[in-house]
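Both of the next two complexes hold subunit A, though its partner changes from subunit B to subunit C.
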Partner chain A sequence: MSEIDYDPQQKFDGVDDDIEAVVEDTELPRRLKTKVYRTVDERGAGVEDADQIAKAVENRYLDTRVDPLDPVGTVSAQSIGEPGTQMTMNTFHYAGVAEIDVTQGLPRLIELVDARKEPDTPMMTVHLEDEFAENRERAHEVVWKIEATRILALGDISTDVADMLVRVDLNPDTLQERWPTVDNLAEIVGEISETIESKLGVDVVQLDETVIEFGPDEPSYRELLQLVEDLREIVFKGIEDIDRVVIRREDTEESEDGEFVLYTEGSELGNVLGIEGVDASRTTCNNIHEIHRNLGIEAARESIIEETMNTLEEQGLDDVNIRHLMLVADIMTNGGGIQSIGRHGISGSKESVLARAAFEVTVNHLLDAAIHGEIDDLNGVTENVIVGKPIKLGTGDVNLRMGSEPARTDGTGEGAD
Partner chain B sequence: MVDVSEHELVPDHSVLAEEELEDVLQEYNIDRTDLPKIKRADPALPDEADVGDVIEIVRDSRTTDQAVVYRLVVE
Partner chain C sequence: MAGQDNRYEKARIIGARALQVAYGAPVLIDTDQTQPILIAAEEYDAGVLPFTVRRGEQ
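Our next item is the complex of A and B:
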């Protein structure tokens, strides 16, 4: 798509030097030039036709460009706001990709523009590398490194009140499954015992190959129950915030078998990117702050656009022009961090007191402004509407005045009367 | 640590030379502080970048093939 030395003649047979010359001569961007080439090629048009087509497209292109002093922000707000009224008001959780609940519709859109610290339903899409993507067993190795494994998944807990002991009966099959790279059962059980010892501060005794036992230092019924409670919380393997991982085979362009992709409930992008087997170039999450932290502001901008567009598309509102969403994302990421739209973000940091007061919590802003003796320079739109002055947009920003003499004195009758 | 510049969401970042910066500022008729910002701690920032530098970012754009934008490194 983005070659610098682009050669249309190589790509389209019907394009010769003359046609290339007339098309390249226009002010069109590369994307539109390619479209012109394609059309010329398909229709088998000659140089003159090509010239006319290129000129017509160029005129239309120049015509539809944003005029100077066009209120693009207002147009964007309306263009996103109107379809927003058609979106579902309720949070419909639905079995989206691979049975993972994802917030959709208006709540998701609000979440995005409000730049919430944590989305309602955080999730990650984890792509895998090489053999991890092709082989289900290898893919599962990655799953167990990501999904949090707690004691309940590994075996049964029983409490012996008479001897004040907690007994854990581990399931050997599950252990083998979750530690696929370790062959030796004893090693796995040893690892689990060590984790319990360090987290709970107790001495663990191994009774059998897969049975371990421990109890409080002093015989106390409360302590015993507390130990069981704490035991359930320990994460033996995987990442704490990730409760569930779903594995799914997806079609790809490169390979016929497709590849395995993991979807997770909960997200922790920073940790996951470093795991062996994870493709760190394609793995993403739906938390824009996490993307910002791990991949930077440009990636955050990109993901805001992507997420808002997907949310709209999901609701069948895909005719919103992407430029509006790009503008929103540009504004939100302008300061190097993510700022929300609204009182605590963009609208709250406006220069003008009147503009801020017109948005939300009017009295507070007026009061603060009065206390600090703020001055309003009346540069923006809102404040000028309030005081009844022309706004500096479109024709409001240019000063026209009637000439004292007719503009033309050559007798053609035109000019100012 | 993972190389974030490899990620598909991260466009190319490079430090803009002073002379080129002059042209850019002149073209848009702005000060360098009018540019969008990028934090010093941004993971996608090139190592040699320092506060006050201007970063040239070449994005694959949705509306044209490549869009060049600039960000000023802050704090």
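Our next item is the complex of A and C:
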């Protein structure tokens, strides 16, 4: 949103020209100005009050801003590192939301900062729209579209060694349950037979309404067992990587009397977002790379902040300022892709040879740099500490000029050179 | 410009001035202090120091 086309008077009835002038006069960012407008509108405050509110918010805002030359990175590292030492090291697994096992605590934090390709326990939180969120039956339709259905869930398998046949006795109740949109049992069984035929390359014979039979082309005991083995792997419905879906009724911001939310074990965001009934705007997963692929880098940044903050909060360490985590997320994502913190990411790809050498495998880095004739411009902190120069931070980066008369008497700061 | 310096700038100015005082520069105010750093701090508060901070493009 650009500064120019924003009109608070259109959005809030209680805001008039005077109030707008008062609020726009502050140094606040757009987001906070909007919040001030909303508050003024809700409380029905006059110009005087609005002015006081705006001034108070501005003071607080300026107060909490970081000074120029502050070593924010170092402060962030310490502010995340210290609570990290308090995290219980052995909370490797912990029953999280709705009986789904989610990695938490220190292992989860390490996982996020290392930007692992695949989290230890991938999971998704799937929100639903409209009637899917309110009606249990409709919500279940979505569940069966997501959860992978394999043959063991549908019926019993028996092998007839004498006739070299595999017989599957499907359970009609389960079929009806898992294909709620299809009324005709024969149609479902037909669909299953087709899937088996195309996946295993065999001819399927239907014996009864729900009993199907097939066998290898040539009589072979090994082949028969192999067929059974392969049959177990076939996914008849749903998404392969998602083993389990838990459905819960929850109070959310969207609806006060509760709506159905799905939690999945395993994640495949790209496929799930396309399913009918899934609210793509609220559905997320805990795999930052998957979010990056499907929703872009800004979403990935946002989810790194969310996930790290939640991990800390779950351990009762919620007094870590979110700006530290924002900085980490910014550093990880500002190249347009996700970079990990550490050897393979940020620290390993630094410009300066000395900075890289200071981090790990010192000799190799120096040797390579010498062979390739690398030049170090000494711009960073680490390099300057190594060569013994003042660093460009804090008092080290203040550029003083001395004049011949007091610098501030005239109020302009001009002291002559 | 009193109050416009942040803490690093203030520290740097007082530090630079204390060094001058320690090397025998004339003190610009009346003070009971004897340590250069405290003299410098008082001078800073009095607003008599001829230092400006260059902050690049402003």
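As a convention for this text, the second predicted complex is superposed on the first by the 327 of 417 C-alpha atoms of A that agree within 3 Å, B and C clash if a C-alpha of one lies under 4 Å from a C-alpha of the other, contacts with A are read in each partner's own complex, and residues count from 1 in each chain.
Definition applied: a contact is a pair of C-beta atoms (placed from the backbone, for glycine too) under 8 Å apart; a residue touches a chain by one contact, two chains touch by 3 or more.
Keep in mind that this is a model prediction, so the values were computed, not measured.
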Across subunit A, the partner (subunit B or subunit C) reaching more residues is B
Touching A:T284 in the superposition: subunit B (first), subunit C (second), both, neither? first
Does subunit B (first) or subunit C (second) touch A:A299, or do both, or does neither? first
Touching A:G394, do we find subunit B (first), subunit C (second), both, or neither? second
First, second, both or neither for A:T64, with subunit B first and subunit C second: neither
Quick one: is A:T85 in contact with subunit B, with subunit C, with both, or with neither? Answer first, second, both or neither. neither
Name the contact category of A:N184: first (subunit B only), second (subunit C only), both, or neither. neither
Between subunit B (first) and subunit C (second), which does A:Q10 come into contact with in this model arrangement: first, second, both, or neither? neither
Hey, what residues of subunit A end up touching subunit B and subunit C alike? none
In the complex, go through subunit B and note every residue touching subunit A. 1-4, 6-11, 13, 36-39, 42-45, 57, 59-60, 62-66, 71, 74
Taking the complex as given, what residues does subunit A use to touch subunit B? 1-2, 29-31, 273-274, 280-282, 284, 291, 293-299, 302-303, 305, 322-323, 326, 330, 333-337
Per the contact definition, I'd like the list of subunit C residues that touch subunit A in the complex. 1-2, 4, 6-9, 11-13, 15-16, 47-56
Sites on subunit A touched by subunit C in the complex: 67-69, 394-395, 397-409, 411-416
